[in-house]
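Both complexes below contain chain A, partnered by chain B and then by chain C.
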Partner chain A sequence: MWIGNLAFAADTLKHAENSHAGGESSSWMLHHISDSRTIDLEPFGHITLPQFPPIRIGGLEIDLSITKHVFFMWLVSLILIIVLSIVARSYKKQIVPHGLANLIEVFVVFIRDEIVLSVIGKDGLKYLHYFLTLFFFILLCNLFGLIPYGATATGNLAVTGGLAFLSFILIQLAGIRKHGLIGYYKGLVPHGVPAFVAPLMFIVEFLGLFAKAFALTVRLFANMTAGHIVILSLIGLIFIFKSVLVAPVSIAFAVFINLLEILVAFIQAYIFTMLTALFVGLSIHQH
Partner chain B sequence: MPELAHIAGGFGAALSVIGAAYGISKLAAATMEASGRQPEVAGEVKTSMIISAALIEGVTLFAEVICIILALK
Partner chain C sequence: MSDEEKREKVFNSVGKAIREIAPYSGLGLQLAVTVVIFWFIGKIIDEHYGTSPLWMIVGAMLGIVVGMYNFIKSVLELGKKKEKPKE
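Up next, the complex of A and B:
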């Protein structure tokens, strides 16, 4: 965390100098939080990522150039594939896990027992792969934002939107698989509802499906971004007051908020997975 | 006027935090009481508390995101 704060200091000083002409110099905060087409390794320079011209499909322009968040998502996926393959293969030699397999088994058993089995029941084991992937991906993406020179891929509305979209598809698929296409949507309206209220209830429940996915998106995005904004603001206080005496207080608070962010990273990964499991459970057990 | 947007952003953030802190504190108080009365269910109650706290905080963070958009105008 000290190295991370020093890297921040070098970068914010450069940005504060650059944008001091305009007087309003808070653009460095946005620069640290949002996506960009280069990976900045201050003070060692930066890496420009390969850019492709936008592809036109119909009336849409799709830009598939590689940005910082895309690069970090690939990095996270690569690390997950390598580490989890090694861990899974170590089970062939001995049933009892040793070392890293022990740690991963704690998480996997936790997700299987506390999240999938207790919320959905035995039907949920079909979807256990998705929940495990989701949990480890979100957890590692969140944690990568806290290491020096790292960027939080889940601090991007498009990334969390994509994850929530996948969960939305899973919720519909689970319900349709259990109750049939028409039966699932008819089952949205609970039993014993007077006939004149039923259409309204259907509309409310149908919109509720989208509201749940939207809430998942914004919750993860806002939690990740808010933590980083607080850390950046605390360090930026040093540059606003332009005095070194603020530095010990500022850095102490920033370290405390960094530790809190580690906790929030775990909790948010758990909450996203748990809420998806909850909605899938509601889908499957509609009565 | 960007000054009004900044003031509105600050007020909005403070008010939404008041609401969230009140809600989550009531939640935590109920959890402590329930765990004290019946220590066997403390595990389940703690799990439900974490879920409810995350849901309440999610709603707060919608308001915070809007305030950030206002403050950056």
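Up next, the complex of A and C:
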């Protein structure tokens, strides 16, 4: 963490010097938060990622080049596949978990009992694997932003939008599977509603389905980005005041926010999983 | 030993509090986001057809209704969940 802060500070210095020549600028902050085509390894230069020509589908131009966030998503997926398959294999030897398996089991049992069973009920166990994947993927993506040279893939609207889209599909499919295609959309209107309000309620409910997915997208993105901006701003204060005396205070605060970010990484992964489970529960238990 | 137990108790209760609060903290943003998207959709319609500010107002109103409705519904569902394990 200290090294991470040092890397930030070193970078800030360089960018502050640049911006000093060309007036005030906060572009160095965006440089750390936004997606880019290079992976920065600051004192040692940077790695340029491969870039492909954009693909044309219909009237859309889609750029499928590998970017920083894509790289970190793949890294996270790879780590999860390796670590979780090692853990799964360890249960074949003995039922009692040891070491790493013990740590993972805490999370798995927590998601099963506290999220899926308590919010959705027994019906939710069919979808348990989705919630587990979602939780571990988001958690590790969030945590990767806190280590030096890492980037938060979940601090990208496209990534969180993709995750929310998968959750949206699950919410619809879970409802359709339980009540049937027509039954599900009919069931959106609560029972005992007067006939003249029913169409209005249907519209409200139907739009609400999209609003929920959109809120999931923005919530995760905003929370992950906000923390990074706060840390960078605190360090940036040193260069705005142009005084070393500010450094101890702003570094102390930055370390505090960094620690808080670890908590936020867990909480946001939990909230995303929890709210997805809640919405799946709402579409399964229609009233 | 008792000191350590006490600390563990505090730690557990803080964890429990966070677990209880977290879903509700997420719902607050959901209400805000819902209003903003509907307002924004209204704004886009207005810009396209030049009917400002009619659809912007309709969108914002609809957003408030949809947001409030979903918010209350989600909170009621969360409250229900809390009672379930006690049964």
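By definition in this document, the second predicted complex is superposed on the first by the 287 of 287 C-alpha atoms of A that agree within 3 Å, B and C clash if a C-alpha of one lies under 4 Å from a C-alpha of the other, contacts with A are read in each partner's own complex, and residues count from 1 in each chain.
Keep in mind that, in the parts below, a contact is a pair of C-beta atoms (placed from the backbone, for glycine too) under 8 Å apart; a residue touches a chain by one contact, two chains touch by 3 or more.
Please read all numbers here as calculations on a predicted model, not as lab measurements.
With chain A as the common reference for superposition, the partners chain B and chain C occupy clashing space. Once chain A of one complex is fitted onto chain A of the other, the partner contacts of A:252 are absent, as it touches neither chain B nor chain C.
In the superposition on chain A, A:229 contacts chain B only, with no contact to chain C.
Of the two partner chains, chain B is the only one that A:30 touches; chain C does not reach it.
When the shared chain is aligned, chain C comes close enough to touch A:207, but chain B does not.
Look at A:240: by the touch rule set out above, it reaches neither chain B nor chain C. Look at A:215: by the touch rule set out above, it reaches both chain B and chain C. In the superposition on chain A, A:119 contacts chain C only, with no contact to chain B. More chain A residues lie in contact with C than with the other chain of the pair chain B and chain C. In the superposition on chain A, A:181 makes contact with neither chain B nor chain C. Overlap of the chain B and chain C interfaces on chain A comprises residues 114, 215, 218-219, 222, 267, 270-271, 274-275, 278. Within the complex, the chain A residues that touch chain C are 114, 118-119, 121, 204-205, 207-208, 211-212, 214-215, 218-219, 222, 267, 270-271, 274-275, 278, 281-282. For chain C in complex with chain A, the touching residues are 18-19, 22-23, 25-27, 29-30, 33-34, 37-38, 62, 65-67, 69-70, 73-74, 77-78, 81, 84-85. On chain A, the positions that touch chain B within their shared complex are 30, 114, 215, 218-219, 221-223, 225-226, 229, 267-268, 270-271, 274-275, 278. On chain B, the positions that touch chain A within their shared complex are 47, 50-51, 54-55, 57-59, 61-62, 64-65, 68, 72.
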